[in-house]
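Look at the two complexes coming up: chain A is in both, with chain B in one and chain C in the other.
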Partner chain A sequence: MAGPVSVAAEYLAGSRARAARTVLGQVVLPGEELLLPEQEDAEGPGGAGERPLSLNAGARSRVRVVCGPGLRRCGDRLLVTKCGRLRHKEPGSGSGGGVYWVDSQQKRYVPVKGDHVIGIVTAKSGDIFKVDVGGSEPASLSYLSFEGATKRNRPNVQVGDLIYGQFVVANKDMEPEMVCIDSCGRANGMGVIGQDGLLFKVTLGLIRKLLAPDCEIIQEVGKLYPLEIVFGMNGRIWVKAKTIQQTLILANILEACEHMTSDQRKQIFSRLAES
Partner chain B sequence: MKETPLSNCERRFLLRAIEEKKRLDGRQTYDYRNIRISFGTDYGCCMVELGKTRVLGQVSCELVSPKLNRATEGILFFNLELSQMAAPAFEPGRQSDLLVKLNRLLERCLRNSKCIDTESLCVVAGEKVWQIRVDLHLLNHDGNIIDAASIAAIVALCHFRRPDVSVQGDEITLYTPEERDPVPLSIHHMPICVSFAFFQQGTYLLVDPNEREERVMDGLLVIAMNKHREICTIQSSGGIMLLKDQVLRCSKITGVKVAEITELILKALENDQKVRKEGGKFGFAESIANQRITAFKMEKAPIDTSDVEEKAEEIIAEAEPPSEVVSTPVLWTPGTAQIGEGVENSWGDLEDSEKEDDEGGGDEAIILDSIKMDTGVEVSDIGSQEMVFHHVGQAGLELLTSDAPIILSDSEEEEMIILEPDKNPKKIRTQTTSAKQEKAPSKKPVKRRKKKRAAN
Partner chain C sequence: MVTQGVRSARCRAEVIIAASRGVGAMEEEMHTDAKIRAEIGTGCSPRGPGCSLRHFACEQNLLSRPDGSASFLQGDTSVLAGVYGPAEVKVSKEIFNKATLEVILRPKIGLPGVAEKSRERLIRNTCEAVVLGTLHPRTSITVVLQVVSDAGSLLACCLNAACMALVDAGVPMRALFCGVTCALDSDGTLVLDPTSKQEKEARAVLTFALDSVERKLLMSSTKGLYSDSELQQCLAAAQAASQHVFRFYRESLQRRYSKS
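The block that comes next holds the complex of A and B.
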């Protein structure tokens, strides 16, 4: 861990932009500038003075690169705004340069459009519900944004209920708005989360790890007991199992998974599976 | 920010769990969370962690003129602050009720109980006395602030050393710490607060409630006691009706808890004293473990799975017997078959031992290599998909599993062996059925593996 950080410190002293490709998987600090692959050739040793003159100067292929969380476009380069490890994903099909993002860890959630979150209804006022999602402002949820809801047929939502929905509006200038239907008008798992069960909060990084496509933790947990889990990208997890004891065990395991190596985790699961 | 509202679901769950005598972190009804006391480099600076609740205490002193009606006594000043980092709900103007309540309780506990001898703080009667100031900061709120604060206050006071003063006639000499060793305060006894949370109108009680339990409790009873079983202060809030024997029972429990906590405090003070005397390193920097990124550690919670056993037995008793497992033999070549899986290969240590468990290095490589030899197909270890958001808690142990591309030749004469990269590599042995021939794997794989390592 000392390696990448000391390199980063050296870099900051030298203040020369690094190529994003060479920094993949290493720790980057806010304020660093990264060069995209297409610019590396132009910025090689020798710099502007020795750039070969080409007849069709504008024919350089422009690759569309997506800037993910923690990165910002700054002129031609990427500017790092969060500290964490730099990641890259190759584009699935043909065009585009893929996605770059910074994997960082935090507990405080900032609403992002399209995220599925668990919210707690705090107030009912007229046609909208105010839902607390852990951000700086409560999100608004219209009563018509449920599947099969009409003006006559209102959904049965009380203050204090848990809602699983997604954001349709989430930026820094307006209050976030969420809905419980997808673009086709179907609920698709969203809506009011049933009674019972336990809601607890974890870090955002753990949620992303658990929601990764082939997460072992979830598979192993699923083999232990029958259970229902809902993950909200705002760090909230709702668990329900047959008995209170099982629910508590699950909640403790998921919270502890963040700081355990896979060996320790397997040990714990095997011990639980035996008893 | 407003406080996160408590959902109906959580409230219901917590109350049901308490009725079944279960707490969120697996403690028993009368159990305290782990208390950890660490000292800073200065005398009088300490940090107390009660589970995740953290309080920082700092004692300082100053020479001032005494109060007019108490000319021979020193002055004590207590202040508890709820820092904004403790909880999102704590804002500069918003926590007044809770703050006032905690401060009042702390003052009653420490000042009215006369735990510190104020007469000994007098330097010149009527002119100069010591003013001792105790500042407590709440750094993280996870329930039961008052207990942690009272422990921090008394520990800081016991740890503190004031400068030595000598009076000769009219001359007062204040010695610096270099000239004369600073002097500890004179403390008669150590009052410690113990909190009890009541639920369902006094039917259930819990000692040391954490933040979730505090949200759903009906009332709170705080008893401050010292190890001589003298009650320094009692406060009941929340408006619940308590019976006499409930209060007596609580005071008995308090006696036991205070004895344990006092012992812990004395041991911590002694340890710190020893380290300072021997010239070892002390201070907050030493109390944080090295090589650990995370600040919070999950303590091992003993999970009581006893009734899970009963339930599991019931289910097993009622379930049908499992179907018989018949292992199907795999025919590699005429005359060579394989039933089941072999023993773990000891050559596996040669490959990177840091790879994850589900990527067992050795075995598949041998079988695959020997199968692929004639068909001229390059195969590398089929690792698991790269974990996109993979956080590992240790420093620097990030694993990037490299997937070299699988090159399949186009020739139609050879058998096409299709490997599915997303399945567990250990199953590959049974999947690759149509191999042409397999030579004895003993010699060749050694060569192959060395080649592979060079290529890697």
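The block that comes next holds the complex of A and C.
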């Protein structure tokens, strides 16, 4: 039958792997395979176009790239595991092909080492606090991981408090552990978050957008009212302004930022600034 | 309040799939917040005795509580799916090296019975083959499916809704999957995506779940009397039809990400 044969040809065409370079900025779907760029042959010291003699004549070496979120290594190709836009960052210095990752929109947080997050203390058992960070397991926080904490001088942390800290241990096999000091022993802004204010949840993509170096939203919000704001990479934002009404307005603006274009946002800000 | 006039933008993609005669006339329409809808006159509504799929529609991220949600519409059959995960799991259910996948299927009327349990198991086995559970050991990924209306090809619609919801939740997967139903009537004619009337009158109803990488078979659930060659014929027709479904997935997801 002609049907299955022609259809079979289409399948193979559809599942052909594409070069990662050509797909940058486009939406990729789980199951697609991407080819890594090949390394260019270095010229020999003689300079007259001498090629280094390779033992394995067939294979050409590929550039070393870092596989970021949403991608997995599959032989010498990259397999896409999440849906989103493919991004690439050139290496700052040195060799290597840079980092490839997939920018996806997600609500669920998975703990990653080094991330700064906002957690809620859910239990106090002996020497450690159990902190809910929005992942699959509560993280553990030792009472000694605060600035200036000693066995005699315990930090004043109660169940229900908000904590801003970073992960020191976060992998798929172990319970995540967080601390409120940096590697030098200083708090550096981490610790128990103060009284009042409002904690609300947004998607992870919005947090990354707001924490990008050149984000105008935060500058515009800062011009509106004086405020204190803490961003957790787990999708949680804590905001505090002078009055409750201002706090609620700020929370609503940040939640809505995800779906507004920049013109709509500027309109809303100008309307608020007038009132 | 400030955000009164702002609604969360949802991506609603409606693609009318022409019959696989090869016409390939695919028209898309977008639902704006004011719900302006353009009627598309041509299309595949007259379903001849060929291989044609009903009208598809999909909407993602429509529920606020689950981590991912999707609603899939095939003709008049509509299923709503919500995915929670990777989340906490009870110690009795945890698996030390991979995620525990649970599927809950609720019928439109009445309490879930044995038929729902068996469909849940089929959907769970399909999802387990595709989801990379080893990246999230000792967690649970729960897929909750609610039948909104049933007009034939329910299992295939549930599979499609589950796949879209898993993608929306950002659960790592090694491929996408889709469900296609075939019905064989008494004189051997093959009908894809049958309505409930066609399913009742058919001699055999076969549902296949296919993956997106090489159109391999992930799950098959059949009911009725059919021969070996008929099975191969149905499988080939389903594989051809799955291309349309995967193209629809791609366009739906591209539209969703084009808004950001």
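One rule holds for everything that comes next: the second predicted complex is superposed on the first by the 237 of 275 C-alpha atoms of A that agree within 3 Å, B and C clash if a C-alpha of one lies under 4 Å from a C-alpha of the other, contacts with A are read in each partner's own complex, and residues count from 1 in each chain.
In this section, a residue touches a chain if its C-beta (ideal position, glycine included) is under 8 Å from a C-beta of that chain, and two chains touch if they have at least 3 such contacts.
Keep in mind that this is a model prediction, so the values were computed, not measured.
J.: Which partner does A:S136 contact after superposing on A: first (chain B), second (chain C), both, neither?
T.: both
J.: First (chain B), second (chain C), both or neither: which does A:V168 touch?
T.: neither
J.: Is A:L144 touching anything from chain B or chain C once the two structures are fitted on A? First, second, both or neither.
T.: Neither partner.
J.: Quick one: classify A:I128 as touching chain B (first), chain C (second), both or neither.
T.: A:I128: touches no partner chain.
J.: Applying the touch criterion given at the start, work out whether A:V110 contacts chain B, chain C, both or neither, answering first, second, both or neither.
T.: In the superposition, A:V110 contacts chain C only.
J.: Going by the contact rule set out at the top, does A:K89 touch chain B (first), chain C (second), both, or neither?
T.: Only chain B is touched by A:K89; chain C is not.
J.: Look at A:C67 in the shared chain and tell me whether it touches chain B only, chain C only, both, or neither; answer first, second, both or neither.
T.: neither
J.: So in the superposed three-chain picture, is A:M260 touching just chain B, just chain C, both, or none of them (first/second/both/neither)?
T.: Both chain B and chain C are touched by A:M260.
J.: I want to verify the contact counts: of chain B and chain C, which reaches more residues of chain A?
T.: It is B that touches the greater number of chain A residues.
J.: Which residues form the common part of the chain A surface touched by chain B and by chain C?
T.: In chain A, positions 3, 85, 105, 136, 205, 248-249, 252, 255-256, 258-260, 272 sit in both the chain B and chain C interfaces.
J.: Which chain C residues qualify as touching chain A in the complex?
T.: So the residues of chain C in touch with chain A come to 1-3, 6-9, 61, 67-68, 85-89, 132, 135-140, 167, 169-170, 172-176, 211-215, 236, 239-240, 243, 249-250, 253-254, 257-258, 260.
J.: Considering only the defined contacts, which chain B positions touch chain A in the complex?
T.: Touch list, chain B to chain A: 1-2, 4-13, 16-17, 20, 22, 24-26, 294, 297-298, 301, 303-305, 307-309, 311-312, 356-358, 384-385, 387-396, 398, 400, 422.
J.: Spell out the residues on chain A that touch chain C in their complex, using ranges where they run on.
T.: 3-4, 7, 10-11, 14-15, 27, 29-31, 70, 72, 79, 81-85, 104-108, 110, 135-137, 172-173, 205, 248-249, 252-253, 255-256, 258-260, 264, 268, 272
J.: Going by the contact rule at the top, pick out the chain A residues touching chain B in the complex.
T.: 1, 3, 25, 85, 87, 89, 103, 105, 120, 122, 132, 134, 136, 158, 160-162, 193, 195-199, 205-206, 208-209, 211-214, 216, 238, 242-249, 251-252, 255-256, 258-263, 266, 272, 275
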